[in-house]
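Each chain carries a letter (A, B, C, D, E and F) given by its place in the written order, and its residues are counted from 1.
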Amino acid sequence: MAKQLMDLTENEEFEMFVILKKAEKRVAKNGKQFLAMTFQDKSGEINGMYWDASDEDVEKFTAGTIVHLTGKRESYLNSPQIKISSMSLPNADEHLVRDDFVQSAPIKIYDMKAEIDQIVFSITNATCSRIVRFLLKRHGEAFFEYPAAKSNHHDYEGGLAFHTISIVRLAEHIVDQYSGIDAPLLYSGALLHDLGKTVELSGPVGTTYTLAGNLLGHLSIIDAEIVEAADSLGISQDSEDLLLLRHMVLSHHGLKEYGSPERPQLLEAEILHDLDEMDASIMMMKRAINQTQPGEFSDKIFGLDNRRFYRPTKTE
Amino acid sequence: MAKQLMDLTENEEFEMFVILKKAEKRVAKNGKQFLAMTFQDKSGEINGMYWDASDEDVEKFTAGTIVHLTGKRESYLNSPQIKISSMSLPNADEHLVRDDFVQSAPIKIYDMKAEIDQIVFSITNATCSRIVRFLLKRHGEAFFEYPAAKSNHHDYEGGLAFHTISIVRLAEHIVDQYSGIDAPLLYSGALLHDLGKTVELSGPVGTTYTLAGNLLGHLSIIDAEIVEAADSLGISQDSEDLLLLRHMVLSHHGLKEYGSPERPQLLEAEILHDLDEMDASIMMMKRAINQTQPGEFSDKIFGLDNRRFYRPTKTE
Amino acid sequence: MAKQLMDLTENEEFEMFVILKKAEKRVAKNGKQFLAMTFQDKSGEINGMYWDASDEDVEKFTAGTIVHLTGKRESYLNSPQIKISSMSLPNADEHLVRDDFVQSAPIKIYDMKAEIDQIVFSITNATCSRIVRFLLKRHGEAFFEYPAAKSNHHDYEGGLAFHTISIVRLAEHIVDQYSGIDAPLLYSGALLHDLGKTVELSGPVGTTYTLAGNLLGHLSIIDAEIVEAADSLGISQDSEDLLLLRHMVLSHHGLKEYGSPERPQLLEAEILHDLDEMDASIMMMKRAINQTQPGEFSDKIFGLDNRRFYRPTKTE
Amino acid sequence: MAKQLMDLTENEEFEMFVILKKAEKRVAKNGKQFLAMTFQDKSGEINGMYWDASDEDVEKFTAGTIVHLTGKRESYLNSPQIKISSMSLPNADEHLVRDDFVQSAPIKIYDMKAEIDQIVFSITNATCSRIVRFLLKRHGEAFFEYPAAKSNHHDYEGGLAFHTISIVRLAEHIVDQYSGIDAPLLYSGALLHDLGKTVELSGPVGTTYTLAGNLLGHLSIIDAEIVEAADSLGISQDSEDLLLLRHMVLSHHGLKEYGSPERPQLLEAEILHDLDEMDASIMMMKRAINQTQPGEFSDKIFGLDNRRFYRPTKTE
Amino acid sequence: MAKQLMDLTENEEFEMFVILKKAEKRVAKNGKQFLAMTFQDKSGEINGMYWDASDEDVEKFTAGTIVHLTGKRESYLNSPQIKISSMSLPNADEHLVRDDFVQSAPIKIYDMKAEIDQIVFSITNATCSRIVRFLLKRHGEAFFEYPAAKSNHHDYEGGLAFHTISIVRLAEHIVDQYSGIDAPLLYSGALLHDLGKTVELSGPVGTTYTLAGNLLGHLSIIDAEIVEAADSLGISQDSEDLLLLRHMVLSHHGLKEYGSPERPQLLEAEILHDLDEMDASIMMMKRAINQTQPGEFSDKIFGLDNRRFYRPTKTE
Amino acid sequence: MAKQLMDLTENEEFEMFVILKKAEKRVAKNGKQFLAMTFQDKSGEINGMYWDASDEDVEKFTAGTIVHLTGKRESYLNSPQIKISSMSLPNADEHLVRDDFVQSAPIKIYDMKAEIDQIVFSITNATCSRIVRFLLKRHGEAFFEYPAAKSNHHDYEGGLAFHTISIVRLAEHIVDQYSGIDAPLLYSGALLHDLGKTVELSGPVGTTYTLAGNLLGHLSIIDAEIVEAADSLGISQDSEDLLLLRHMVLSHHGLKEYGSPERPQLLEAEILHDLDEMDASIMMMKRAINQTQPGEFSDKIFGLDNRRFYRPTKTE
C-alpha cells in the first residue's frame, strides 16, 4: 500500500494524495492571507499552513477537495505538522474518490444493518420492541450515516451505528456472565441511547450542533420521541416498561453534571452507562496511541481529563 | 383568636385542638409501642411522642385526625417539642374541619384561577399560548391542588399554583424594569416550569414521589408533554417557539447538578431560573424565621445549605 | 441617525467617527510596530490592528482620541474585527466630544441623584439613615461617576449608581410582594453594598484595581468605613442595627468562595445578594445578545460560567 | 427448600435456623443489657434486638453461633428487622454446619483454582508470568479464602478470587472485541490488582483493616511486593514490562482521590480500572435489588453514591 | 499524683474527684429524666449518663460543680464512657478549687504577658507597633483569658494568648531561616490575627458565638478595629503599612472558602496562614493521640477532615 | 559586581555575558526560522526571540552555550523580554564557566553533605537509621546533584538536597517547640521523602520525567526501595518502624488528590507534609517577589493557585 499520513516520520519528505478536511482562510500578522488546513487520509489527519494564498488558491482549495501534496512532516509545539512544498489539484484521469480518504466505521453499513436487525429481533419485550422498531424506522437512514460525536470518538460516517453495535456486543457478554439482567431492556436502551444525535448533530460531514441539540440535548430529544412513539403505538404513558425505557435513555450519561436529569436507578441503566463510557474511552485511547510513536506519550486526550497515554516500546 | 401552636413559649402549658399531621407507630427500647406524632395547625407544626400507646390508641390517632391536646411546650435538642399530658378525640358537636388546621396557599383557589387566566390571556405568542392552555387544561385540577414540593417550601395544598403565581408576578416586574425581554416566552415558561410535579408527586396529602417522578423527574415529564401537546395541536416539532419553550422548562434548575440537562442559554431562561430560586428561598427563610424567637437564630434550613437565619430583636 | 459600529454587517465597508478605547503599541513577529486598537462608539466596541504604525502614529493615536475611520468589518476567530483602510484625526471644525462616543448610564446623573435622594429619604431607621447619608456624602461624587466593575457589566461612567438604582427598584418590588421584610435595612444595604468600589477601583476611565482594592476588597473597605461612620456619629459599635447593616454589606457576595467572609444570615441579606446577582446577569446577557445576530449564539460570557446565549430569530 | 430470611414478607411469623453474624452486647437507656444481632443465612441478613439479655445469654449467643430462631419480620425505619419471640441453641443431633449459612463465592474453590491456573498459563509475557506465579504462590492460600472487601461487595470467603475471576472473564471479552490490547499485561494486572488485600485485611471472618492496610493501602503493599518478586527472580527494576505491571496495579483505582498515586496512562490500565469498577457495581446492585420487593426501591447503596435502585414489578 | 480520668483503662473501677463540664437534663424514652454529663479533670474529659435523676439531683449537679465520682470506665460506640456507681458533693473540708480540674494554657499568664511584651517591643515599624499596642491595650484582659476557639484546639482559658505565642515562636524561626521576610509585619499580623475572637466569642467559660461573631466573623471585627485604631492614632488610611497589616489579618484563613475575603498576597501573609494552620493541627493531633491507647487509632478529628491518627505502640 | 539580568530596568540597553538556558528553533508565520531563547545568569532568566536565524546560528546557539549579548530589556504581555541587538560567542580567552551562570543551591555541596551526615547521625532508631543510610548510599551522588523539581521551586543543581535540609531545619525547630514528637521518625521521613526524585527525574540539566517517574511517581518509587532496603538489611516487613517510615513517605503529599495513596495518619507525617509545603511555598514566593519591582504585583505563580504576590514599596 502507498505510504499514508500516519506512516510519515519526523522530517520525512513525501508526495501523496490527501483530502482537505479543513481549509480556513485567515490573515497573517503581515496582512497576507493564508489557508489553515487539515490534511486527511484513512490513516488520520495532520495540520499545515498554506502561506501567501492567492484568491485563486482560496477558491480552488476548499474543504472536501482531494489534492496532490508535496511536503515534509515536521513538528510544531509537539504536534506533527506538514510543511507544504507544493499543492495541486489531481489530473482529471486520476479517478480519486472521497471514500478512499475519509475514515468510516470498520464494518460495512450493510453488515451493521444486519447486526442491528438481529439485535432488534432478540428483544422479547413487546413495548420495548415496538418502540425501538418505530424509532429506528423514523431515523434509520441517519442512524447508519451519522457520527456518534462531533469529535473525540466515533466522529466519522457510520460512527453512531458502530458505537451502538459495540455497546450491544459488550452488553451481550454482560448478560451471559451475570444473572438477573433484563436483556431486552438493556438492548433496547443501548439501541436508543444515542439515537437523539440524529437530531442533535447536523450530519456526517462538517458536523455541528443544531439549535435543538444546543437547547435540548440528545437525551431530552429522544426521550420526547419515545413518548411520541408510545402515543402513536397506543402504548399507555403509565406503562412501567415505558418508564423504564425512558429512564435508560435519560440516565445514560451517569451523572447529572454530564447532563442526565436523573442518575441511573436501574441495574440495566447503570450497566448501559458503564458500557457507553468504556467503549468511548477505548476508542479515544486507541486513536491517540495509534498516532504516537512507541516509547512515547500521546497528546493529551480532552475526553479523558487531558491524560496522556503511553505507547510501550514493544507494542506490536 | 385562640392561641395556636406557634404562639406557645417554652414550658408553657396549654390545651387546644390540633390536627395530627403524622402518627407513626414505633417500638421503644423497652419494647413498648409509642406514637411519633406531628401536631399541626394553621400556625405551624411541632413534634411530640405519645408513650405507651395502646392498640386502641394506635387505631384512633391516625394521621389526619383532629384531636384535643393538653400538654406543655418543651425543647428537645434545640427544637420545640410537645410533652403530651392527655389527648382525646373532640366531641361530636365540635364541628371541626380539616381546612381550619392545615396550611394552604394564602390566596383562595378561586382567585388564583382568575389570576392564572389573566396571565394566560396575556401570552400573545400563538404557539406558547396554545401549548400552555392545552397543558393547563390537562392538569388543571391538580395544578391548583398540588403542593410545589414534598417539603421545604410551598409544601401545602395549592402551593404549586401559588408558587407559580409568585414567579409570574416577579416576572412582570422584571419585564417592566428591563427592556428586550420576550414576555410571552417568560410567562409561558413560568406557567409550565413545575407543572410536571402533578405527575412527579403523589398528591397534596402525604406527598411522596411517584415512580415516574423518581425515574424521570418533573423536567423530563413536562418536556415530553409539551411535545405531545404540539403533536395534538399540529405544531411542528421544528418550530423555534417550541424549542425555546422546551428549553425554558428543561433548563429552569439552572445547573446540571440540579437536574437540568442543559443550562439556561436564553435570557428568559436564566431569569426564570433566578426567580424560581428566589421565590423558594424567600419562602423557606420566612417560614424558618417565623418559627424563631426574636434575637435567636433559626434551625438550619436544608434547602439553603444548612444556613441558620437570624431574627432581629426588633422585627415587627 | 448615522450608522454605528454595531450596525455594521460582515464585510461591510464604512467610514465613521469613533473613539479609541485602547491603543496599545506592540511589536509584530516581523519586528515592525503596530497598534492593537479597540474602537468604540455608543453602540459598542470592536477590535482592529493598525499595522506598520510609525512613531508619529503611535503618538497621535492614543486611547481617548476621536478618529475618522475608514475600513471593513470582518471576522477573526468568530469575533468581529475591523480591517483598517485609513485612519485620521478629525478636522478642527468637527466639534466632536467624548461623551457622544462612550457608553454611560442610561439615566442622567441628575436624575439618578434625585432617585437616590428619594430612596435615602425613605429609610426610616435612624442608624441606617445616618450612616448611609454620611458615607454617600463622603463618596458622593465618585458614586455617580464610577463604574460598577472593571469589565463585564456596568463598566462605564455612572455604572455604579445605575446598578445601585436597579437593585433598589427590584427591592421595592420585593418589599411590595412579600410581607415581613425590613425595607429600611434592605434599601440601606443596597445603597452601600458596592460603595467600597470607589476605593477599590481607580476611577471611571482606564479602570484598574487599586492596592487597597487588591489587598482588602470592596467588602472590607466599606465595612470598615461603616464602623468609622458610626464612630463619627456617636453610634455604639454594639448597636444591633449597625451589626445588621455591616452583615448586609459583608455577606452580599453570597458565598465565601466569592469573597464574603460570612454567608447571608438575614432574610434581607439573602435578598440583596439575589438581586445583585440577577441585575448583573441580566446586564451581561443583554449586552452579549445585543452584539449577536438573530439566530446565532453569543460569545461566551465569562461572568456567567462561559455560557453562550442564543438570540432567537424573531427577537424584535 | 426451606424458607429463608430473604423469603419472609413483612409481618410474617416464622421459625428457622440461622447463624449469628453479629451479637454485640449493649446497654439500653433503662440500664438493662441487650444484644444487637445480625441474623444470617445463605439468602442474606437481617438485624434484630434481643432485649433483656441475661449474662448467660450473652455468653451463649456469640457471633458465629447457629441458633433456632422464632420471630416475626417487621420493619424499622424502612429496613427489615426481626422481632424475636424466642431463640435457642439447636439440639446436638441437628448437625448444622456453618458453611450452610454463610455466603461464599458461587464457584467452588477447586474450580476457581483451575480457572486461575488456566489464566496464568495464558500469560505469554515472561516477566509478567514469572511475577504473577511468584506472588500467587506466596499468597495463594489467602487469595482463595479472603473476601475482596470489608463490606459492600464480595465480602465473603473466596470473594477476592471470585472478583478477580469475574474481571478476567470480562477482560477476555474485551480482548476479543477490540484489537491492539496487550492481553498478557491486562490479565496479569487483573490477577494482581487486589492481591495486596491479603495483607490489607485481617482475614475472611470479622474482617478488619490491618495496620499495614490502614497506613499503606493494598496498592502500595502489592506494588512493593512486585518489586521484591523481581529482585528474587533476577528481573531488572528498569525492565519496561515491570514498570508497566507496577503501573497497572498502582493506577487501578482510576482517580487519585480514590488512592491511586497515578491515574491510568496505559490502555490496559484504564480498561482494568473500568472492569474492576463495573464488576463491583453490578455485585452491589444485584445484592441490593435481591433484598428489595418488586415495585420498590432498594436501600441506599453506600458504594454507589447512596443511590437507591428500583426493582421493577415484573423482574423474573 | 492521684489517678486521673485519662489514666483509666477499659473496665477499670475507680473513685476520684472531677468537675462537671456539662450536666444537661434530658428525658429518657421511658419518660424519666436523666443527666447527660461530661466529667473533666486536667487530664481530659469523658461522658457519662446519670440515670433516674431526681429533681434534687438536677439542682445539685450543675455544670461547674466539683463532685466525688465512683464508677467504671466502659466503652460505648468506641468512645470511652463512665458508668456511674455513685456521685456526691465533696465534703466542705475538701478545699477543692476549679483551677485544679480544668485545662489551661501550659504557660502562666504572667509569663505569657512577659513574652508578648517582648515581641511587641521587637516590632520596629512605627505604624504596626502603635496599632498593636493600641489594640492589645483595648483587649488586653480578654486576650489573656479567652480561648482561641469554641472547641477543637486551644479551647481553654488563656488558649488565645498561648496559640498566639506559639505562632510567634514559629515565626521567629522562619525569620531566622529565610532571608527577605518583613519581621515586624509578620509579628504584628501574628499578634492581631485572632484578637477579634475576644469579640466573636462570649468568654472563656461555656464559650459560644456572639451575634457579632456570627454575623461578622473575627476577621472583619479586628479589621475594622485596626481602622479605628489608625483613626485614633492619626495614621492615614492610605498608609501602605496599614494596608499590609489589614491584609495580614483579613487573609490569614488562607482560602476564601474559610472566610478570608482575600487570599494571601504577601509573603508574610502566606507564612502567617501556614503557621496558624500548623499550630492548630499539631494541637489537635496531640490531644487526640493523648486520648488514644498505644497501638490504636484515635477518634476522628473533625478539624482535620475526620482523619484518625495512629499512636504507635512504642510512643514514650 | 557586573550588572546582571535581574538588575535591568525597563527599556535599559545593555551588554553582558549570559548562558542560553533554552534555544528552540521555530518557524515564524512568514516562513523564516527563528530561535526562541531563554537567557540566564545567576540573578534569574528572561526570554527573547532571535529573528531570522541562519542555519549556522541554529547550530552555534544551542542550550548550554555562553554568549555575549547586546540588547534592550523590554516588556511583552507584562513579562520582561530581551530585544536582541547582537549575539556572539565569547572570545576563546574569556574563560567563562557554566557554574558562574546557573543557579545552584545557596550552600556548597560539601557543606550540605556535612549537614546531612549530622542529621543521619542523630537518628537514634535503628531501623530508620539503617534504611536511611542504605538508601542515601545508593542514591548519594544524585541526591546532592538533582533538583527537587522540574520547575517552580528548587529546580537547580543541588535543589533536592537543599530542600531536604531546609525541611530538616524546620523539623528541628518543631521538635524543640512541641513535646511528644518522634524526632528520629520525622527526620528519617524528611530525608527520604523526595529521594525517589532521583529516579523520577532525568537529572539536573534539561530535567524531564523518566518513564518510571510518569508511570509510578516518586512516592511509590522510594516506597518500594525502602522495602528492598529492609530485605537487604534483614529487617522484617512487619516491623512497625518500617510501616511508619513507609507511611511517612507515602503520605507526604498530604492529599490523595496530590498523589498520596493514604493521607497522613501520624503526627509526624502531618508535620512533614506541612513543612514540605511551607518550604516550597516560601521558595516560590521569594523567587517571584525577587523578579518584581517594589510597588508591583508579581506574575501569577502556578504552584500557588495562580496567585500574584505584592512586593511592598519599602521592602529592603
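Observations on the structure shown:
As a working rule, a residue touches a chain if its C-beta (ideal position, glycine included) is under 8 Å from a C-beta of that chain, and two chains touch if they have at least 3 such contacts.
Computed from a predicted structure; not experimentally measured.
Identification of common neighbours of chain A and chain D yields B, F. Both copies, chain C and chain E, contribute mostly matching positions to the interface they share, with over half of the numbers common to the two.
Superposition of chain A on chain E using C-alpha atoms only gives a rotation of 180 degrees, nearest 5. The chain pair with more C-beta contacts between its two chains, of E-F and D-E, is E-F.
Distance from the chain B centre to the chain E centre is 44 Å, each centre being the mean of its Cα atoms.
Taking the mean of the C-alpha atoms as each chain's centre, chain B and chain F sit 60 Å apart.
Within chain A, the positions touching two or more other chains are listed as 29-30, 211, 214-215, 240, 244, 265-266, 297, 310. An unclassified topology is adopted by the chain contact network, corresponding to no line, ring, star or complete arrangement.
If you check each pair of chains against the touch rule, the ones that pass are A-B, A-C, A-D, A-F, B-C, B-D, B-E, C-E, C-F, D-E, D-F, E-F.
Interface residues of chain C, counted against chain F in their complex, comprise 27, 29-31, 211, 214-215.
Residues 166, 169-170, 173-174, 177-178, 180, 182, 240, 244, 263-267, 270-271, 274, 277-278, 281-282, 285-286, 289-290, 297, 304-305, 307-310, 312-315 of chain E touch chain F in their complex. Across the complex, chain D is touched by residues 211-212, 214-217, 219-220, 223-228, 231, 238, 240, 243-244, 246-247, 250, 256-262, 265-266 of chain F.
Taken together, the chain A residues at the contact with chain F in this complex read 28-30, 34, 49, 51, 74, 76, 83, 297, 310.
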